[in-house]
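Below, each structure is written out as structure tokens.
Here subunit A shows up in two complexes: once beside subunit B, once beside subunit C.
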Partner chain A sequence: MARIELRNIQKFFGAVQVLKDVNLTIEDGEFVVMLGQSGCGKTTTLRAIAGLETVSSGTISIDGKEVQDLRAADRDIAFVFQSFSLYPHMTVRENIAFPLRAVRMSQSELDAAVNEVAGVLGIERFLNRKPSALSGGDMQRVAIGRALVRRPKALLMDEPIGALDAKLREQMRAEIKRLHISRGSTSVYVTHDQIEAMSLADRIVVMHAGLLQQVGAPEEVYNRPANLFVAQFVGSPVMNVSDIAVEGGAGAAVLSFGKGTRLPVAGGHVGHLPGQRPVKLGIRPEAVLLRHAPEPGFVETETTNIEPLGSHEIVDVRLGDATLRARVEPGFVGDGQKVWVGIDPERAHFFDGESGMALRRTA
Partner chain B sequence: MADVMTRLEPDTRAAARGLSDLSIRNLFIIPTIAFLIIFNVFPLIYSLYTAFTDYRASTSAPANWIGLGNFRELLNDPNIWRNFTITAKYVVISVTGQVFVGFGLAMLLNRPIPLKGLITTLLLLPMMLSPAVVGLFWKLLYDPSFGIINFFLGLGKFEWLADPQMALWAVAIVDIWMWSPFVMLLSLAGLSAVPKHLYEAAEIDRAGPFYTFFRITLPLVAPILMIAIIFRTMEAFKTFDHAYILSTQPTTELIAIRLYKMAFLEWQTGMSSAFAYIVLIVVVAITNIYVKYLNKAKAR
Partner chain C sequence: MAEVKTKGEVIFNRAAIVAVLIALVIMLTPIFWIGATAFKPRNLATTAPPTVFFEPTLSPFAKLFTKRSQLREPVDEATYAAAPWWEQLIYDGGESVVRNKKTGEATSSGYGNRYMNSLIVSIISTFLAVSMGTITAYGFSRFRVPGEQDWLFFILSTRMLPPIVVAIPMFLMYRAVGLYDTHVGLIILYTAFNLSFAVWIMKGFIDEIPREYEEAALVDGYTRLQAFRKIVLPEALTGIAATAVFCFITAWNEYAFALMMTSRNAQTAPPYIPSQVGSGLSDWTVIASGAFLFLLPVAIFTFLLRNHLLRGMSFGAIRK
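Showing the complex of A and B:
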């Protein structure tokens, strides 16, 4: 069990800077998910913690001890690779026993440890098989078993279920969560899948272009995104973002979407916005409201596309220059029909049009 | 009408090209088959026949069928067994040397080093030379009075090739020099095929360099290394050119040299055919043992 601290980590590959001053503290027993697009630096950060990648500057400490100059083998950290990285010429048992055998553990202790881990992961049946005879999910169970068997200080996982099919991913996600809860080991998990991040993490670290964009609990990252990138990266379907102009003042205001389309909102929701600067409105599909009949605060429009998704439908509506996507009950409205659209101002997010930073009410 | 046209079409197209697919196929296959029959199949069968006769190619006397006479005589001849012993010793020294030198070089080259391509190419040169040329210039290198080897090793007038004990080693060293690059090339292919992430996994699993080498690198390269060993063993058994040029010592009389002398100096054509078949059987038997190991290594 361990507390991991990254201080001012920078990493260059040649002239390209992939990590720009990363600062992060991972508490003992915490499950942290690093979320971002490919190439954002999340895997490099993980590999730097493991010792598979050197850092150009900055310090990495595990339980207060600086490790950035130690070899991976001396950091006592386990790593689960996306490609599983099982030793193809060894049986499952030999694969799991490898980290113990490498440090010359006695045979009886080794057998006990392997059997225990195999029991936890439900892979006792495969112990004498080669990895090539296993399914993707079982291979990843073996890889996780090999990582857990020596009770490492921390468990690092690099898109461990990224190579599996959707159904298996869901199942493995639940298993990883269960394992984390039962073992309580400090875990750092890298993924580009925001659903994985939301469902697994104690805290999510959103990365983009080598920088940490936001670090926070899943609800916080979802409900209070720090900037436009986070707002659009987290959540599915993607948050609607449109350029708006704010007119009016303290009492009542309107949001202008262009082409004369204006939505009135209570002034309290927009009073904090800067007057002269461009502003973007971010609104999640579940906060876009549709009505069959006119209501105050709603404007008339037409649906332009409907995506049925079983439990709900995503409806596209035009609003001035913008297209908003709304989440509604199945069968709520048909394609090309007249509807009245409004937004829930409590769940509206405003961002600076230039910097993309969230503009929040200070109160 | 349209039906007739479609049926005619393939032929008309072939005629437009000048040759049908079938005749092009025959054009390529027939010469190959003819060469194979004339130079491989016929001699193989004819020599099997002569192996059971007292045929001598130097006389016009007709061949007499003598059954297993040649085989009986050869297998009872202690000199032939001595040739086999010498050859076995030579094969072991030479193939072992090639595996260690070749695999070692491959390990050195299997990392990012400057001028890697150029170094690899230069290292491959020996195996592209003609064995006879190699024999001739190693004779100069080994020369006791002006050879560069004695000069560099400070051995004075050491007789590499005249010394009955040393001569076989000297011949084997030349073979190692010439064919280690072959083992290196195959090993390099094997080593670069080991996925890098396995080494990363081993590093994370706290395996030291030796443990990683013996538990990961070697088992994964073993099948291709075994192929190199099979090839080199078969070739080493047939060594003739450079050995014949380098040394006339009885202690370096490999089976190929003995066979050559028997066939073309003593003109015992029937006897030498029988000898050649014995060598063939031995080589096939040894190769079979290797192939069994190879399959085992592959299954792992």
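Showing the complex of A and C:
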């Protein structure tokens, strides 16, 4: 088990800078999930930690020892690839034993280690099969077994279940979590699936364009996004974001959505916003409130689209220039009907219109 | 569900079978004819129409490996009875084995040596071309090589000149450096000739092997070389087999260089066999037996590797 520290990591591929000053500390036994869009540099970061990619500058230390110049083989880290990468010419047993054969080890010790891991992962039945005779989920169990068998300092997983179907993903997610809890191995897990990130992570690292956007516990990333990118990347359906003008001051204020649509809010929620600068309002669909009758703080509008999702529905309503999506119970309102819309100011997020940084109350 | 075939498909399938049979007959007839002639007594070799049913004899092979002269008069019975079976076969054909005046040993025709030369040169050059080609292909496939495309084109371009064009300059160079008529000379030549092919084919196969296989081995504590040996080589086996068969066939059948670059010591079988045609009276049974033996190694080699080849010939299409 180990503590991993990345300091000022930069990585160029030719002239293209893929990692721009990445700083991250992963605590011993922590499960960190790196979340970001395709091409943002998640895999590159992981490969740099593993030693499969050299860094252009910066230091990587494991338990306080700098390793950026060590070969992958000498870092004692395990890697699970999205493609599973089981060796097709070896049986499952040989695949799992392969990392142990790199070090001198007696056959009985080796068998014991393989059997132990196979037991934990429930793959004893296939030990003598070739990987091509396994289902996707079992292949990934074997891949994880191969990674865990030599008890590495840390376990790196690059979209390990991205290639599986939805049901299996859910099941494997639970298994990975259980495994992490029982083994407590320091883990870095890459995904672009935010549900995976939310459910697995001790801390989520949101990455975009080679920079870490926010590092924090899942609730923190969800409830207090550091900037617009994080706000819109985390959460489903996506957070509503609209340009607004803030009028009024300390007591009561009005958010203007254009076309004369104005929503009054208690001034305490917006008092910290800068007067002159453009501001964006971010509000998650569950914080957009709909009413069947007029109420203070609500304005009249019409529904423009309804997306039934079984347990709930997503209703689109127009509010000035903006379309807000609201999350309501099924059958709450029909398409094209009149409703009154408001927002829960406690759960409203404000962002600087230019930089996209969150504008938080300093309280 | 059983496949349902339309009438058109059935007719097409039958026609295809007939076409394949006709092609087979056309292609196998010469081979059958060579094989049959190799076991015929001399007087049946050139009959018209050809003799199909005959009592096979090993006399062409006995003659193939020895130097003979015409008998003026038949041998006496005691000598005949004392002679080994192969010599008796030669006496039967009205010839006697030329023997060394001092030692009394039978004089070899030289075919055996040439056959050995062919084996030595082909096997060693195939081994060298395939192993060097595999390592080179691995380098091109896995590392960023400056000017990679140019290098690959350059490697291929060495195959663009027909051998006969470079044969004379090569001959002069080989004579100057003492490689003329040596095994090493031919091995170098065939290795160089096959290497470009091996690099190109093996690069295709190695490109197909996911890098992650080696990377998994690298993080699991193996060196690059160990990963190559334990992961890449086994995965590339079909490619290696296919490449080896092609290289072996090329080296084994090579004629032009062998003819120009060797004379006695290192000459291979291909230039030797035609040299026997028309030196005095042509004995077609002897030529056929030489050709028949010459066909065997390629057939055996290909047969041994057939499982790998079937997969290899699809050039990675069905892996994974």
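Keep in mind that, in the parts below, the second predicted complex is superposed on the first by the 363 of 363 C-alpha atoms of A that agree within 3 Å, B and C clash if a C-alpha of one lies under 4 Å from a C-alpha of the other, contacts with A are read in each partner's own complex, and residues count from 1 in each chain.
Here, a residue touches a chain if its C-beta (ideal position, glycine included) is under 8 Å from a C-beta of that chain, and two chains touch if they have at least 3 such contacts.
All of these numbers come straight from a predicted model, not from anything done at the bench.
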| item | value |
| --- | --- |
| Clash or fit (per the criteria above) of subunit B with subunit C on subunit A | clash |
| First, second, both or neither for A:I60, with subunit B first and subunit C second | neither |
| First, second, both or neither for A:A50, with subunit B first and subunit C second | both |
| Part of subunit C, among the options 2-10, 74-82 or 290-298, whose backbone runs into subunit B after overlay | 290-298 |
| Residues of subunit A contacting subunit B in one complex and subunit C in the other | 50-52, 71-73, 77-79, 81, 83, 85, 87-89, 98-99, 102-103, 146, 150 |
| Subunit A-facing residues of subunit C, complex | 210, 212-213, 215-223, 226, 230-231, 234-235, 319-320 |
| Complex contacts: residues of subunit A adjacent to subunit C | 50-52, 71-73, 75-79, 81, 83, 85, 87-89, 98-99, 102-103, 146, 150 |
| Footprint of subunit B on subunit A - complex, ascending | 50-52, 71-73, 77-79, 81, 83, 85-89, 98-99, 102-103, 146, 150 |
| Contact set on subunit B toward subunit A in their complex | 195, 197-198, 200-208, 211, 215-216, 219-220, 300 |
